[in-house]
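Remarks on the structure that follows.
Going in written order, the chains are labelled A, B, C and D, and every chain counts its residues from 1.
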Amino acid sequence: MPDVAPSQKEQSMLLQKEMISGHYDALARAKDEGKKVVYTFVPGNLTELMRSFDILPNLPEINALQSGMRKLSGGYISEAEKHGHSEDVCTYVKCDIGMLKKGNIGPTGVKLPEPDLLLLSYTGCFTFMKWFELLRQEYDCPVAMLHIPYQGDGKVHDHYRGYVIEQLETEVIPKLEAVTGRAFDQDRLRASLALSAAAEDDLVYVLESARHRPSPIDAYFGGVYYIGPIFSAFRGTEEGAAYYRALRREIDQRVAAGQGPVTPEGELETERFRLVIEGPPNWTSFREFWKMFYDEGAVVVASTYTKVGGLYDRGFRHDPDNPLATLADYCMGCYTNLSLPARVDLVEQYVRDYAADGFLINSVKSCNSFSVGQLLMLRQLEDRTGLPGGFIESDLVDPRYFSAANIKNRIESYLQMIEQKRTAGPAA
Amino acid sequence: MDVCVGIDLGSTTTKAVILDSSQREIGRGITNSRSNYEVASSIAREQAFVQARFNLTHQALSEDSRLADLEERFLPVLERNFRIQHYLEQLQRLEAALLQAAVAPRHRDQRRNIEPVLETILAAMAGRAPALFGALAVRKSEFFRDLAAADYMQLAEEAADPKGVTFDTLSSLFDQAILPVENTGGSKALEALIDSALDTTLVALATRLSNDIELLRRAVETARAVRIDEVASVGTGYGRQRLPFPKEQIRSEILCHGLGAHTMFPDTRTVLDIGGQDTKAIQVDERGIVTSFQMNDRCAAGCGRYLGYIADEMNLGVHELGPLAQQSTFHVKINSTCTVFAGAELRERLSLGQRREDILAGLHRAIILRAMSLLARSGGISSEFTFTGGVARNPAAVDALQHLVNDNYGEQEINISPESIFTGALGAALFAHRTAREAA
Amino acid sequence: MSFEAKNGSAADRLTTAGIDVGSSAVKVAVLRSANESGTEVLALRGDRIRRRDLTRVIDETYSVALDEAGARSDDVAYVASTGEGELVSFRTGHFYGMTTHARGATFLEPEARAVLDVGALHARAMRIDERSKVLSYRMTSQCASGSGQFLENISRYLGVALEEVGELSREARRPETVSSICAVLAETDVINMVSRGISTPDILKGIHQSMAGRYIKLLRAVGCDGVVLLTGGLAADSGLAQAMREKVQEDELAMEIRTHGSSVFAGALGAALWGAFRHRVLERRASTSRTTGDTEQMEALGS
Amino acid sequence: MKPELEKLVTRARTLFDDLDLEAVRSWKNAMPDRKAIGHLPVWAPRELIWAAGMLPVSVLGGGDRLEIIRGDAYFQSYICHFPRSTVELALSGRLDALDGMLFPSICDVIRNLSGMWQMLFPDLYVRYLDLPQNFDLEVGGRFWRHELEALMRDLEALAGRPISEDDLRLSIAAFAANRHAVHRLYQARSREPWLFPADEMYIVLRAGCVLPPDEHTELVERYLELAPGEAERQRQDRSRIVVAGMFCEQPPLGLLLTLERAGCFIVDDDLFLALRWPEIEVEITDPPLDGLIEAFLRQGALSASVYQPDGKRGAWLVESVERNHAEGVIFCAPSFCDPALLEQPMLVAALDESSVPHTQFKYSEDTGQFAAIREQAGTFADSIRLWGEA
């Protein structure tokens, strides 16, 4: 959103942009500089551990969403489908494979290096597993598999933690050592974890600023920018920590000035609706999608998508004192690893904490992990909060599944419904 | 007098409702014109205004005690004459359009043969018109397209010659010609037709009503002279994005359907609306305010168009489908999810010797099953339950719904109004009324 | 097409018929094939079903085709059905649609290495070899978006005859993109366009482009390059072919889209050709030894 | 059909058509306090349930015989059909005979379904069963032991009695015998597929989902004896194919019939993995639980839901083609089934490498129109037969 924001805002945005392009440049140079590259996923990523080995992470999901925003995903997806990938499956996978088939040029236009290792820390979704099985076939490189038990009954049991730690010790760390030729350095890991915790504090502060009226941030459309660094390659880095410090300062200023969130068309003047959103956004028409909200004065005050790469606002922080156990807990605590009842609880809590007027579910075709059960969530939340729920359907990066007219119609109807309810006053 | 107008631009039909200042409905109109939203709205609106005129006339006559007993003899005849003339006028336009279509180069060889065939068919159609609108006639449809198509196709099949002017040629000419006919209107033509219908009627009744005829004429003319002022209008429906209305005069169709249903049946809590291309399940509170909704709008399967398609396939009017399906005795499960494939499945099953009525019943059930899912998705069914939209006019759909509702939610009455196709338009008119009141 | 002797020597002069029963039209081909000297097309006949009784349409079309071929039904050695051919009660055997379209395509266009068959409800892309073997295929199913029926609805809506669609589309200047190609919902899209004053050619072209994109995708999905023959009813739509050629050029694909005057009959032709092939195989077998396996094969392949 | 076989097939058919689980109800009613535990595909430790004196019931959806009314309300159109019919079955009371429900981890659908179950049926015993994806006997083994022991404790509590080592040993043996019988049937069919029509064999096997293991073993063995006695089951010239992708949502019977009518013989498939997996013998060890744990970690026939450390799925499929002298593979997966569809490209690559012809299409359990499938399967069979030798 570089074209719009006032100066303070611009600073963190610019900073983020710089960091990201810097990272892609580093990836491009990696092979020349003898650095190792590991592909891994956002939910349950072990960035601190990788960084402690001086490994550069590359995140296919981020590449896919970037391709979506840059309108390249459609072509990539057809490319993958041409190679026999089904129309029905997750479009992140197809976008990634299509990009690979078309030369593996990353979002900033530089070629991505091949992986030295695929770190399959597969949290919250089975597709990840197949995704890297597919990539292994393409790259013929080693895979480190980290099985993260699902919180089926809403709890993290001790033996889950033990299991993850053992896998870190016997599967992940040895493979990282083998790839880099270095020994595991626990102190470096600890230092990095401490930086994570600081950034996490600041991030939570920023997300929670949405409790103000008007909310100084949009916790969904804006939120996806705020989580960028910490969900990708920058958790546990100095750069990352600095970014969140700067962001926090900016938000403080907005709060002090009583300002609303910044949109691509400038600051939102009047906050008419406060919403909680569950589900990922659509990337191919991100701006258009967002506009449907801010045009009506709707601000998202909390979202679950901004918790897929780590759920921090319920108290979890990376703990330098228990390095492996904290990584295990982090992985198991990511949003899509929560049981469905726990997800309902969380959204309900958000609705209350952030004094929302309603909640909306964006159900994406790609992602069974998110989508299965959302209609029951809707019912349960309506019952529990007494607020109207909205339901729209789109996809992550498949432009064929964004029907602007339909979605707009639904959003408008939904907001008019909140409005109608509000103007009619309390039930007679 | 001041009136408010609501227009529901549906996907298959456009409806207009006019309310007077005390929220009484005084006119409504419907058209299946779909060429253009502007035209469709104005046709529906014009029809509604014509009806409003008839209503005002009716009112004037019944208020005058001297005329009260004439009204019964006079008004229906007037209306019938109006309709016949309207129909004949449309037939003329159809004929012109057909002859023009026949000029196309691909008919070059046959053109000289086509023209007389068309003329014969149209003459026969015109001959049938009075019967079509006779006092006791049951018409297949309110739309010119359907009425004309039924006669035309039948006559065309008789007139067709596989070696000369084929049925194929004749039917494709009709497809082409019908469009301009149903897509014109919105002029003052209808008002003029009323005049001429009035003359015809008065002439016809002159001998029988000789004494009162002047009285009658004056009363009618007074009623026709009443100024009707449209003070507010609201549009809704599928096409509302493109409605010829400014944004503030547009309401979501969900809200309009909720409010409309609430007005028709004040205790409504759940509304099912099955229209031409979408199905909506709406929950409303005791004030008619929508609390939750679900809609199905990506794929035409399971909506009114589906039935329209099937009716076309079977050469029937949509009106006839339901009654036919009600005669079913055997449960057929329809597999196709796609509207178009359902047409193919229908043919396939017919050719395998299954009975029409059984297949039809299966198709109706298939639609209602989809609606049931949507209802379940929107929060189930609470009493009272109201069924609206064009498909609510279809008795087999209603039966299937009743059956499934009872099975799944316990015995429950379903509110159905024969006028429920106007629910959305009514809701829109009510919103218009509010706007007018707020402005005042 | 004139022929002197009606019953030549049965062994090498063989009259066979192919009946392609589609969901919107019945197509019949009558062939005479001679072992060495190639095959001669005696008659090609098609009729739209148009809500009429299907068995009647089949019977009529077949008998008109026989008349045209100057043949009697007894002269026909093998009646091969394809498509929904179960309804052809007098068939000798049945062949699957892709098998027949592939065969028909190589007959009409020997260089064809891929076939795109678009009919009333379906579209399928096949990659074939020079022996008409289907190497891979993709088809649409369950959803009639972008099919012939879709185009038919649109053209009816626009008030143009199907036969005019192609030509009009090629007159387009500023094609308008359509978002939905649901055979039913697209009507609404078209209403929008009409009400926005978009011209008929521009609408049709937009639709053709959208269909072309879809079909090219199907073709790419089967990995085809080289000559593609369009078959099925939509092969008669020059606007679609044109849009596909443009798409091929735009995407710089190694495909060449061709049509043939008799493309619509590819299925019927293919069936008749396979009929001749089977008839010879079976006769040869009958004259040597008969085993259960052979009748079974006939069965499995045929009915 | 001879009366004896007819009787057997009728019985299997009745069990297959029995959406209300009457068979389970009557098993429960035969003795006081009997309980039954349902589990979803692909695989569950049925041995433990049986050892606790409870009946393991494999819930495989509602097929094409169930009208979905409430089930659809919970699932968007792009989710496979299986959970809809399963929810429908449950909400309509048809699964009331089950005293608990296990959700093995095979995909995100079933995973989230376990949470839906917790919310929809708060009083029922519901457990998500995370299968280990780490196959190290120590690491994965320890986790698996924890999970199975926890499950055992739950089952004991439900059954109201402890599971003794002997119970477990007997149960393991009963299922081993059942797997053995099922295996022999597969082998016999692979040798002479015309003797075992696909739809008939399907229902005979499917009976194992609701019958006690011994009873089902007997049924399968009897079928194995009787089916070859049918005189009209003659060798036919059809293409021998392996079907892959049907491991979870089940195809309608009409689909299996269609494949055969279009000129194919199915000689191997991945239906009923619950009855066949792990293919590796479960050894009777001391303590017996060890055998179960190890067998899983060294699994044989693999499903797409389990991580493949060394990408053997393709190789396994090629091997099945060779072992069964198949001429081609049909991937026939449920629409929107992520595990099956995501791995298809890997399998295709392996087949291409070995020049095995293949084709693919999708179905859903309530697919009712087979025209397109017949077309595709027929064309595939034609092309194998007409040009196969060349």
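Quick note on the criterion: a contact is a pair of C-beta atoms (placed from the backbone, for glycine too) under 8 Å apart; a residue touches a chain by one contact, two chains touch by 3 or more.
From a predicted model like this one, the values you see are computed outputs, not experimental measurements.
Chemist: If you count the C-beta pairs in contact for each pair of chains, which pair comes out on top?
Modeler: The chain pair sharing the largest number of C-beta contacts is A-D.
Chemist: Between chain B and chain D, what distance separates the C-alpha centroids? Give it in angstrom.
Modeler: Those two chain centres are 52 Å apart.
Chemist: Could you tell me the distance, in whole angstrom, between the mean C-alpha positions of chain A and chain D?
Modeler: Each chain's C-alpha centroid was found; their separation is 36 Å.
Chemist: Which integer distance in Å separates the CA centroid of chain A from that of chain B?
Modeler: Each chain's C-alpha centroid was found; their separation is 50 Å.
Chemist: Find every residue in chain C that makes contact with two or more other chains and list them.
Modeler: 84, 142
Chemist: Check each residue of chain B and list the ones that touch at least two other chains.
Modeler: 298, 336, 341, 377
Chemist: What positions in chain A touch 2 or more of the other chains?
Modeler: In chain A, the residues touching two or more other chains are 375, 403, 405.
Chemist: Among line, ring, star, complete and other, which one matches the pattern of chain touches?
Modeler: complete
Chemist: For the complex, give me every residue of chain A touching chain C.
Modeler: Where chain A meets chain C, its residues are 78, 81-82, 403, 405.
Chemist: Which of the residues in chain B come into contact with chain D in the complex?
Modeler: 298, 333-336, 341, 345, 369-370, 372-377, 404, 408
Chemist: Can you tell me which positions in chain A touch chain D when the two form their complex?
Modeler: Those residues of chain A that touch chain D are 83-86, 88-90, 93, 120, 122, 125-127, 129-131, 133-134, 136-137, 143, 145, 147, 149-150, 152-153, 157, 159-160, 162-163, 166-167, 170-171, 339-344, 363, 365, 368-369, 371-376, 380, 393.
Chemist: For the complex, give me every residue of chain D touching chain C.
Modeler: Checking each residue of chain D against chain C gives 234-238, 262-263, 359, 371-372, 374-376, 378-379, 381-383, 385-387, 390.
Chemist: Under the stated contact criterion, what part of chain C meets chain A in this complex?
Modeler: Against chain A, chain C makes touches at 179-180, 217, 220-221, 223.
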